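Each chain carries a letter (A, B and C) given by its place in the written order, and its residues are counted from 1.
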């Protein structure tokens, strides 16, 4: 039997909003350690990995490992029925073919429960090895989101280059060329506003802006985003989920002749 | 001659917004007691009844009963030209074929007047007898609106059931099943937030969510809504209009085999 | 060489928003005195004239007169990438075929630069003589915008009439007739809220609301608008740009038989 109780139900709403445009159907995996998901986007170009650790839940009971296939759009529709301050409880029986979601409002005078059929989905769990990256940049998530959106109005792909001085985002399109440089900056009022660059080796890689813009749907989950780049590895865009885990997006670079 | 002066012109704007999606053309009836309207929706399934009592107007002159047929969409367009703090005056001559609306802003430096042709519409005044209901529920209007909207993302019809403990809204659709229970709750900070259930007999009836969603366009008129249910009578959804009257929506239950 | 540095980069963003729906391509003219533009709308009915005086820039260097043809929609796209508090620098080489825009954020940790190809456009500079107007009305720009928008829901053209007492906007359509009168009012809390009428001769002219609504895109540039009317001249709708200049829109009256 599975029973998870999350006081900050809002987090789950945001997690679904962050994934639902990228991934249609996916398996949620529950084990004693936590609630996780790994899925490719429908065009098999990007990968999303979610982890919500068991310690982050008010109550977490998972008698045996269980995999629940769901249509993320439907889950998102259900979660939209939860208020932002609602407590969310997820329940499933071992071997059952349904999952239930319960929302309790803070005044405790409204209780909503939803039952949803589970789907039978092929699991394709990719092992993602811990890797050394050439450069890791932490910056305000809203700034990263703004840059991806702004550059999309000019071009389709972005070259992300990291040097010791900063991270540069470049694009070109019919209108012209654009370069946005964010400099390392740790003298800020709040640590979340810092731009921190860890670099072993300069790196310059090209990515499709369409996917980066999808990733930034997770912006509301965290005030900062961490971007990890290496010339032999997919880009990682990571949003920490306070005290609970993370949502990570992986994207392979584009090989372009003219860059 | 008819001359009505309403200091809270905003109320009239909200009344039109509440009705215009449901009803296309309707007769406004003015008498010494007040300004009223009764109309079926275009599919002849729902009925709306409006009353604004003469005492609620700053000035109310109605020499003889007068019936004015108007296209509610056009009236709504005119009223959108009124500022939220404007004073609205409605004038019509006995036997004339036009009505005029005048809006005065609080600074008294802007006066707008509009003249509109009246329409000749068949009156179909239904007598609505005062009836005993099995259950009457008063709840925050925003909560009722939220529930109708949320359930619409899952199903097309809602079963509303009232017991002594609470009011339950249930639906089912391709995604799954949903139940939302609001419990009687009178220990609240503000009386408008209470959920008050008066029940003579348990009742469970099915309604089309489409119409309920239309009714909730009146939410801005009142912080509370009263829902009256009886197995032999149409549902009544009533929004009080402060010190002036009400807008009531009537809807016949659906007869469903599988409920 | 041209180099302009504008601390209030926001102004330039608003200027482009104000013009881009009316004018597709236009020449920006830079001289020692300032940065200006004059262009007809695509249907050759309305004219827009912009002036930003050199004194309004933090840094203004213009070695020789230079004309830069740009697609306003593209410029607007670039400027949308500038934050509201960014400093904007515009650079161009004499005889070059590109212009560059640079945006610096207040924290100085983000620098964006954009390079855009210039276009070769025919110049059609109209001399606009200083003229005597029958009536000049200054009023809150938001009020003028509201009136144009409101009347558009009723009719296509507006008759603007000025007498000593006030300015009247009238329209008629299928729904009915509308008249909005704004009275001279100088007893206001803030001078921007005043309605000030200077009249030599009563005047009554008809204009297409579509163009007036386009002009009101400039509303965010100034709290007041000045409307100048004369029976022999195009209407002028002018928005002052604080300490820097103005944006003026010219529109010829419609000759209508039934007015």
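By our rule, a residue touches a chain if its C-beta (ideal position, glycine included) is under 8 Å from a C-beta of that chain, and two chains touch if they have at least 3 such contacts.
Keep in mind that this is a model prediction, so the values were computed, not measured.
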Other chains in touch with both subunit B and subunit C: A
On C-alpha atoms only, rotate subunit A onto subunit C and read off the angle in steps of 5 degrees. 120
For subunit A versus subunit B, what separation do you get between their C-alpha means, in angstrom? 44
Pull out every residue in subunit A that's touching 2 or more other chains. none
Can you list the residues on subunit A that touch subunit C in the complex? 143, 150-151, 153-154, 175-185, 188, 193, 195
Subunit C partner contacts - residues on subunit B that touch it in the complex: 74, 77-78, 80-81, 98, 107-117
